[in-house]
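Each structure below is given as structure tokens.
What follows is chain A paired twice: with chain B in the first complex and chain C in the second.
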Partner chain A sequence: MKQVLIFRLGSEWFGLQISCIQEISEMPQLDYIPRAPVWLMGAMNFHGNIMPVLDLGAYLGIESLMTVTKVVVMPPGQEGIALGVTDVFRIVHYDPDDCLPCRHDTKQKKFIQHLYDYEGLVVNMFDISTLIEELKTI
Partner chain B sequence: MGSTMDMSKYHDLFLTETGEHLRRMSRLTLALEKEPADRNGIDALFREAHSIKGMAASMGFDATARLAHHLEDLLAGFRDAGTVPAQGVDLLLSGVDLLEGLLADITAGVAERDVSILIAAPIEAAVAVAVSVEEDRSDSPIEPVTELLQRVQVVIDLTADALAPSARALLILNALGSAGQVEACKPTIAEIQQGFPVRQLSVWLKSHCSEEEISRTLHGMADIKQVSFQLDRRKSSLRDDDSRTVRVRTALFDQFINLTGELITNRYMLQSAARAGDWQEIKEGLSLLTRLVGDLHHHVLQVRMTPLESITANLPRLVRDHCRKTGKTVNLEISGEGLELDRTILEALSDPLVHMVRNAVDHAIEKQGTISIKAWREKDMAMIEIADDGRGIDPEMIRGKLVERGLLKESQAAELSKRKLLQWICHPGFSSRDTVSETSGRGVGMDVVKSALESLGGMLEIDSEVGVGTRFLLKAPLIVAIIKILLVECAGREVGLPITRVLRILDIEKKKIQLSGGEPLLLIDDEHVPLYSLNHLLWLPEQVEASSTVHLVICESQGSKIGLMVDRLSGQREAFIKALPSPLNRLQGVSGATIKGDGRILFIVDPNALFYDEKTFIEPEMEAG
Partner chain C sequence: MRVGISHKFIMGFIIVVASIVGFNMLVPLLGLEEYWWHQVFSVAGALLVGLILGTLFSRLFTSNIRILREAAERISSGDLSRSLHLPDTMFPDETYDLALSLNNVNDNLKSLVGAVRSSSGQVAIAAQGLSATAQEMTASSHELSNTVEQISRGAESQAETVETTSRLIKDMALNTELVVAAAGKVLEAVDLTVSTAQQGGETARRTMEGMKQILLNIEQSGEQVVSFGGELQKVGKIVEVINAVAQKTNLLALNATIEAARAGEYGRGFAVVAEEIRKLADSTAESAGEITQLIGKVQTNGLSVEKSLRASIEEMDEGEKAIDLTSTAFSAIIDTAVNAQRRAFSITELSNKQLEGAKYLVGAIDEISQVVSDNAAATQEGSAATEQQSASMEEMAHAAQDLTRYAESLIDKVKLFQLENSLSAD
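On to the complex of A and B.
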């Protein structure tokens, strides 16, 4: 059975398959990236690699002034980015039977594969590949 | 599992080595064309073919082995005859071409192409084959080295009343696919398929085609309001980093082993000193460690050094073939090929070099002439000069074109010195339009050459005299990894500027800055230097506190001096530059980053690229007017 990490962006819950995650860490010290778009918070030194931290809430336009306390680092081979999130909740087993379709009128539909009902908590299942594809064209 | 790993290791080695043998074969054959009776040359060529045969046979690449064997036979025949006939040279060259094709097949992992046509033909008939093989080459999809692949961004505006814009967008993408490889588009294909209301489609295309040819593929399509082009300045990632291999001299490798040994000893020494709490001993250990790490670093960089020859070896062949096509006689002289540069730099220089030599043959030289390539070292920079004795570039012609195309006002153009005028052939707005051969025969893709060089921290100088010839001087750093940077601060943020870009730094009184049309400028040695706020260029807030002095960094950009106003100058340092990972590598004006001693990251800003971006807004305005 697949496992997903449940994390929070502002007041919404999101789920990300743990196969898409290399590491979860506290918000590190960030350094200034010149001419970066507003949703790039800065760069972190991740084991000697330069990794930009993306303000996921701002990028998705969900919550612009949310606090970011944790970063979720993508595994190597993807775009080398880390996602800044409000908080992480826990890693849970994921049962596809508990999936619900997402609202069709949300503007972030392309990033949300479907909704997952985790013990009554509505979790947006996040589609990381769409994000990575989109970053390639920016 | 283990055995496949091993095979793939030999596979890469085979590809690299065969490539090297083929380059030498091509060069030796060209030498034989000039001196057909050179016995040593024939022998050397024989040995190269023999090596390829042996390696290919042991790797199981039968067609390659058979062809190499056939070339061996031919060469044995020539050796017995004591000379290589003129057709023999053609035949050998087409053999080399075919081997290159086979190598491309092997690299791509497809079946080796048919070689029987060349092998089966007897010498006289083979010449006919040779010619046909040669002609084939021009439109064969695999012409690995010589094409300058460009990435262009095509922007297509759809009319507002397009009925099914997303369907139209898909058709456009399809059509563009015939002109090159679509790398990305915005909106994305997935978005288009979901019925995203497309009004404007941006497509990043990797293509050999000129803009005109690309436009032509869209010709006659309904719903298209306008097609425009932007040269894509994103760093090209044409080469796959992971598959590259490096060969290391055994002596150098032994030094690594020795150094490792010393480091291990050093570690024990430090450990026991720490246990004993002997500070003197720890201090000594640390200073030894500093030296060892320095040594190690130096040696690691050496591994990356490669002679210039690796990218110039193909040029004699290129020139020969080009001469054949155009009926010109061009003598190519190359010297200083032993100069060693970092691989990354060499690879980035390879396409521009080919391009410039080809340009010189095609346009600069009228009937016959000489192209000379000289390379030498000046301090930390490699100098590569490409000179021809062709028709030269007329600066007045450039002046006329600049006004004609609306790139400059007549009064502005009238003031430009010759040196500045010549720099304009590297301007994308000037060179990407296809009227170049009538002006000077230069400029096609010179902007690409220039930007390739600048992204390495290098520079391009152009000098030309009508009727005497043109000289391009490429200045590139020998080692890309370490550069000197100037640290500056803007709005409390620190960035580095490559010292190679900086002409001087100045502190001036604020009142010395004058305004022209609201824009600040400064008079330095009778020259008007436009000033720009780096805060503004970096999209940072301006410093609020008023101070009476202004810190200026004077840089050269597009042949002119510019001044960058910064909040603070905070020193110089040497920095080990790391290439930026995607998506950071697409930030305009940011060329790299370095990790400082305390682990913090410092980004390097290329003032030229910042400035370039700032200036591009001129172009659309001009086009609209």
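On to the complex of A and C.
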């Protein structure tokens, strides 16, 4: 049984395996990064480590003007980034067999492998490794 | 020297007796012897003396008497022009007295007749004047009688008019009494109106006070509602804090779960605790949400209450204005009613005065009526008296005419007397 964190980007729900999450925290004071793309919100100090904060909604092109109240911090040293999300819901257990095929467009399809129905809530299961890979290419 | 007739007779006798005696004594001187001759001579001489003396005396006497008789006859025939003159004598006697008396009579008669004549003439003239005057007076009296009759008729019509006036004034007095009664009723009605209007005004004022009290209460309620809203907002803030705490707790629980998962098998119990904490946070958030919803509802209700309070206040304002208007209207009614009261009172007073005046008038008219009827009676009496007077006047005229006639006849009769030659020539 795997556990996933269900969070929200705008009005859409996403799921992320907690094995790749270091911590969830409130949106901290961000430091401005010059010449950064629009989806890079800034840098945060996480227990002494400087981490870039990604506006995931903006990056995925879901909603550009959504509010960001929480950041999901990846473990430092590996991916070394934090994802800004609208809100976090809860951590649930899930069975990959219950997953449904994805029906999203091309841009998001890279990161969304499948969907998960949690008590009637359609959760897009987010593949963080794809995002990391893509970020490394930039 | 005055010698009375008796004395003259006595003297005559004495002379005759003395002559007898004298002759008796003288005759013997003649020388006649014869006695008887003596006697004859003495008797004859005495007789002769007596005859001479008697004749002389009687002639003198009778002539005086004749003169007196003639004078008396003249006087009796009315000739008073001449006075009586007896021949002068040494020894006037009673005939002279008589002559003097007759002359006195003549003079007196003359003056009397003259006086009578002139008086009767004057009387005749006066009687004529009197007659004329009496006739004029009769005419005047007739006129007066006519006038008095007219006055009598006028007095009668005046009496009728006064009676009519009296009736009219009594009617007027009656009407005035009716006016007084009506004015009294008006006064009562106006009094009632005033008291009712005052009660109405009082009620309006009390209603106004009640409205103001209600308004005050509503305003207080509004303030309370507003302050309640403020309290609710405070509660909302507290709920927000609770919510934030719940979110943080949730976050904490999520992180705890992540840590537990990282701990693997050892973190399983911790995961359960984290789950429980998360559930607590959830239920807290849920309760906080419910509270927020409730607060929203209460706030909405409070707003609607406030709105309805505002509407009530506006309506109360309207009501207040209406009551103000009512109060003003009552005040105006009271003013008008008081005015009417005053007027009605003055009408009553005036009517009462008028009534008194009318009563006085009735009394006065009665007196006038009495006086007028007295007048009419007096005028009728006057008319009768005037007629009597007229008759008397006529009688008097007749009497005056009679008097004239009498005076004229008196003059005629007095004309018989001739006072002087010049008068007799007239």
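FYI, the second predicted complex is superposed on the first by the 133 of 138 C-alpha atoms of A that agree within 3 Å, B and C clash if a C-alpha of one lies under 4 Å from a C-alpha of the other, contacts with A are read in each partner's own complex, and residues count from 1 in each chain.
Convention: a contact is a pair of C-beta atoms (placed from the backbone, for glycine too) under 8 Å apart; a residue touches a chain by one contact, two chains touch by 3 or more.
A quick note: this is a predicted structure, and the numbers were derived from the prediction, not measured.
In the three-chain model built by superposing on chain A, chain B fits alongside chain C with no clash.
Seen from the CA centre of chain A, the centres of chain B and chain C span an angle of about 130°, rounded to a multiple of 10. Shared-chain residue A:67: touches no atom of chain B or chain C. When the shared chain is aligned, chain C comes close enough to touch A:5, but chain B does not. When chain B and chain C are set side by side, the one touching more residues of chain A is B. In the superposition on chain A, contact of A:33 is made with chain B only, not with chain C. Touch criterion met: A:23 reaches chain C, while chain B stays clear of it.
No C-alpha atom of chain B lies closer than 19 Å to one of chain C in the superposed arrangement.
Applying the stated touch rule to the two superposed structures, the chain B and chain C interfaces on chain A have no residue in common. Only residues 29, 31-36, 43-45, 48-52, 79-81, 110, 130, 133-138 of chain A touch chain B when the two sit together in their complex.
Looking at the complex, you find that chain B touches chain A at residues 184-186, 188, 190-191, 194, 202, 204, 493-495, 538-539, 578, 580-584, 586-590, 593, 595, 599-603, 605.
On the side of chain C, the complex with chain A involves touching residues 248, 250-251, 254-255, 257-258, 261-262, 278, 282. Those residues of chain A whose C-beta lies close enough to touch chain C in the complex are 3, 5, 18-19, 21-26, 70, 88, 90-91.
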